[in-house]
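Quick heads-up: structures coming right below.
Below, subunit A partners subunit B and then partners subunit C, in two separate complexes.
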Partner chain A sequence: MQTAPLSRYLSLVPSSVMVGVFFAIPFVMILLTSVSTPAEDVDYRYAFDLQHFERFLTWFYIERALFSAGLCALIALISLLIAFPFTYLLTTFGPRTQTSWLIYILAQLSLSEVLIAFSWQILLSRTSGIGNIIAWIGITEKSFSMSPSAGAVVAALVYLAVPFSVLLLFPALSRLDKSLLEASRTLGASPLRTFFTVVIPVTRPAIISSGVTVFVLTLGAIIVPQVLGRPEHWTLSVLITDQAIFNFNMPFASALAVVLLVLSASVIVLVTRYAGGAKS
Partner chain B sequence: MSHSVSRRRFMGTAAATGALALAAPSIARAAGGPIKVGTYGGFFEESFKEFIYPEFTAATGIEVQSIAVPTGETWLVQIKNAARAKTAPADVSLMAGTPRNEGAGQKIFKSLDESKIPNLKNVPDTFEDRYDDGALFGVGAVSWYITLCTNSDEIPEAPDSWAAFWDEQYKDKIGLLGLASNSYLLEVTAVTHFGGTDILDTKDGIQQVFDKLSEVVPNVRLWYKDEGAFQQALQDGEIPMGQYYHDVAGLAASEGFPVVSTFPKEGGILDSGYWIVPEHAKPVDEIHEFINFMSTPETQASLSRNVGTAPVIDPALTDLTKDELAAVSSPKAPIIPRYDIYQDHADWISDTWNKMIAG
Partner chain C sequence: MTGLVIQDVTKKFGSIVAVEDVNLTFNSGEMICFLGPSGCGKTTLLRMIAGLEEPTRGMISIDGRDLTGVPVHKRDIGMVFQSFALFPHLSVGENISYSMRIRGHSRSECEDRVTELLDMMHLPGVADRRISQLSGGQRQRVAIARALALNPQVFLLDEPMSALDANLREAMQIELRKLQLELGITTVVVTHDQTEAMTMADQIVVMGKAKVLQTGGPMDIYKTPADKFVAGFIGTSNLLPAQMAGNDTVRVGGAELKVGGVKGDHQSGEDVLLMTRPEEVFVHPVTDAPPANAISGTVTFVRDIGATIEILVDCAGNEVISVLTPKDWPGVKVGEAVNVEMPAAACNVLAA
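Up next is the complex of A and B:
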């Protein structure tokens, strides 16, 4: 605490301006638009009109919101189930192996959602997809298509999310005090028991933050549900895009975006309070 | 192949061309310089640049600066935003039915002087858009058909009626456009099962049509927003049937793909783009001259040959041969979209549609 308070505050100015300009102002505009009122001569006027939220309050949109939350929670869970054991094992290897793997995983992040969605579409198609391999092995008689389907959406979203999970878990797992594991083993616990009773509790904050990040991240996925899913698998984000781009109903799109924001914010608050805060 | 389908492709190109079009107003127009003409980016714009604008310049001496515009409402919004700044992102541009109706409601299009468009006499009344006071603001430019397209490997005998969509034997085999306002399936259902689109006059009627249309849902495998995705699936036979654009389907067939476009006996869906002029467009005379030139039989024929669109004027006025005409249209009475309902009941139709396709 050697720096004077004023200069400390001054050093905050550039980042605050950036956050203000690029985050707070658009956010306020979305809020204002979501309560705007339709007008004859222009698209809408700023007012305090809750009709767009009333429109949301039908079972269809509520069900879509719940579905989106459920889907993203499932994706977060599956990615953790894949990423955690992988990352844990990775930390037991030497630094060279770790670095190569991390570079490989980082490279995955450069693939856009669009690219991933369309690649999976080809992978799951009847004519050029893995259906051909299954038919060739002889499990099925003919090749078949696996998309659009719920499974296709889940597979592609998990593919999208796993690199994030790994990268978020890696620091905690690599800093894990190995003497804890040795102590556990010395006291006679099996590797499996050590894993569940020592490794997981110790790295719980990382697990939670990784899960929450993946949840929020997949909540914003648009292309994957749209390309690989049927309409019943479309998330709230897809509906927002529909309203904003195709129906050009900005107020309703904004209202849905606010709902999505409230949804993700409450999940973050709930999870960090009841899961993260209880750590010993 | 992909370049030819990007005309109405929404995702990606819409945004990209939108950015282009936004940048355009900053280019100052020199006096007597080119007029800025907006057409749908991709195959459309390229064909116009290659075949149509040089003819126009040769005939009138007016240069054309081509602008790629997004389809749908995005372009309308850009025109509206520019109008607030008293500018126009293009001097004259193509616009489809639903956004045109909406823009007309807010009077953002310039009224045209009919005396400066003598060739308007070629254009039927149905291709003239007027304000309530009778002032002309939109003139038909090009038409295209949405037809029943099939993969001939998978379905050797193409059905001759839209009613095939309701046939249980096509369960999980159909691809349809993903929005009420671009698939025009309410109109198709009304004509196929209710004897015409008059039933769509009332909300109760639309609900009845929705009830009938919902029987199609189990047969639908893909509700597409991206033309390319459906075209690929149709060519491969992955989704062997659906509604698709007649011109692009013809192009695919000519490239050897087993794609057949059938005009059902109830008629193909006839959609069209009109020329509209943003309120603040400056070169008024040149704009009228352009619309006049586009309404000549020669230009309309050239559009059919080179862009693959159906003429908006009586084909008898053109020198198109029977085969050339058959390639772009059909003598059967078309299904004309009811653009008005998507404006009058916009929210309700969009909600009911979303609920319907989600099962």
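Up next is the complex of A and C:
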């Protein structure tokens, strides 16, 4: 069977070319650009110059990176707190209810970030937002604007992330063996206790992968922080856009992108290492 | 002392009746088997004792304590699930001591109890293993140990042997019965395997189509089944169409036979079924003196497997099986005309 390995490699060729052309080459170009050096006749010249990374090492950018990580971790946490109980309850319903909810949630994913950002801007505005409802009920005297603010950024990004969380949690929760829960009940655990001692630990891998995915996903969001936040709420991704599109500083934008990549990669590695596979 | 009482219990799922008008009373410390084909409601009845289902109507009590409305986790039961339902995220020891940790027992108490239970289940030294590292038989022992950790009032097992292979199954039946006798715990086992029920039970409850068909000791049910369904479900039986010909006489074909037990009220001339057990039926060659209480037939097959010999006889279109020990072997051959003796004490009359 000498042809078998060759044919196996052949079947890999189209996908390898795809990944190579569209992912690996651009990535290498970003890496090269991030260490390029300024030149007088052209924008920049390939070299090994760490000045853009040095520029990152100022408190302003470090603070931005930490803020981005913290913001996205918070969003991942809130999304899980909303998505997990919802998905858990959803799995207790019949297949028809489950399917219609899943279709609805999938449909949610087709909404673009731009649309969501501007809808939330209207929703949180003084003239036509929920401020009017609050004023109408009588909690406040006058309607007020709730954006731009950190809360508005968090709310819109959670809105964006919850469908992903649900879809990532659903397979694990629907496969959860219900007799485990019954066993726990017969052993004297209340439903709440069962939830914390059985449901959560058994589905922990799915919870972690859902959290990490939402974290990385929101780390790349660029519209919501700009539309609903003040400049102090801008994440690293927004700064990258800013540098690349408005300042035409490709080398620095690339350096920031590399930092963002390292940040996401280390979060994925750390979380899967210390929370995912532990106890085995 | 009265242990488990099930009173007028009915369970409906929508319009489907899963369990209908069940009334059962058992003594404390008895081993009870719910026996029946799948879908007869036996598992639903077990789950109602556990509290995993609420009866639509009726009451269940244990040792005088009414369990109506008592949630599962306050019932003081131990249950072994068909799939064993061991927690995959916990070690063997943590699985067994789960209920103790819920009740706030100390770490050392838990460890001692785990060691004690694993010794009892002949599984020493596996406390630190993962569930995935255990074989099916070991998992079952761990599931039993986990259910018994807090010495519950009632021990419930839902088809406990169905995940095991045949050899292990028979050994576990004996072991489980020994364990139950040793602990003296009221135990309910759901099974569709009549041998399992006969091996382990003090009381067998035969169920069919949501109803209890017969309750009694294994031998009572075997010797005097209530109807043809029970007779067919427990052991092998010969069922011959017959007519009543007096109080304790039936007519089968041309022969009249005396019968020992008659179930139900039957008019003379009514169509009934004559039931006998294969090991109580004897075969004699026609050349011998004709025995009393016999019908004639032709041998169609002889299966000699050493310990027992099975003879299949065709009696006017109905098959009668006789299982004999070698000492009763009449030396008949296939095709030979024989007399099949059915002693009056072995004959039961059931409704057709």
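What we mean here is this: the second predicted complex is superposed on the first by the 272 of 280 C-alpha atoms of A that agree within 3 Å, B and C clash if a C-alpha of one lies under 4 Å from a C-alpha of the other, contacts with A are read in each partner's own complex, and residues count from 1 in each chain.
In this text, a residue touches a chain if its C-beta (ideal position, glycine included) is under 8 Å from a C-beta of that chain, and two chains touch if they have at least 3 such contacts.
Note that this is a predicted model, so its numbers are computed, not measured.
Participant: Here subunit A is shared; do subunit B and subunit C fit on it together or clash?
Facilitator: fit
Participant: In the superposed model, does subunit B or subunit C contact more residues of subunit A?
Facilitator: B
Participant: Is A:Thr58 in contact with subunit B, with subunit C, with both, or with neither (first, second, both, neither)?
Facilitator: After superposing on A, A:Thr58 lies in contact with subunit B but is clear of subunit C.
Participant: Could you say whether A:Arg204 touches subunit B, subunit C, both of them, or neither, answering first, second, both or neither?
Facilitator: second
Participant: Give one of first, second, both or neither to describe whether A:Glu182 is in contact with subunit B, with subunit C, with both, or with none.
Facilitator: Second partner only.
Participant: Once chain A of both complexes is superposed, is A:Phe48 in touch with subunit B (first), subunit C (second), both, or neither?
Facilitator: neither
Participant: Under the stated touch criterion, which partner chain does A:Arg193 make contact with: subunit B (first), subunit C (second), both, or neither?
Facilitator: A:Arg193: touches subunit C, not subunit B.
Participant: Report, please, how wide the angle is at the C-alpha centre of subunit A between subunit B and subunit C, in steps of 10 degrees.
Facilitator: Given the fit on chain A C-alpha atoms, the answer is 160 degrees.
Participant: Which value in Å is the smallest Cα separation between subunit B and subunit C when the structures are fitted on chain A?
Facilitator: 46
Participant: Is there a shared patch on subunit A that both subunit B and subunit C touch, and which residues make it up?
Facilitator: After superposing on chain A, no subunit A residue contacts both subunit B and subunit C.
Participant: Over in the complex, which subunit A residues touch subunit C? Could you list them?
Facilitator: 177, 179-180, 182-190, 193, 197-198, 201-202, 204, 279-280
Participant: Tell me, which parts of subunit B touch subunit A in their complex?
Facilitator: Result: residues 10-12, 14, 72-74, 76-77, 80, 105-107, 178-179, 181-182, 221-223, 225-226, 229, 233, 236-238, 346-347, 350-351, 354-355, 357-359 of subunit B touch subunit A.
Participant: Can you list the residues on subunit C that touch subunit A in the complex?
Facilitator: Listed in rising order, the residues of subunit C that touch subunit A are 50-52, 71-75, 77-79, 81-83, 85-90, 98-99, 102-103, 130, 146-147, 149-150, 156.
Participant: Please output the residues of subunit A touching subunit B within their complex, sorted ascending.
Facilitator: Touching subunit B from subunit A are residues 40-43, 55, 58, 60, 64, 114, 121, 125-127, 145, 148, 223, 226-227, 230-232, 234, 239, 242-243, 245-249, 252.
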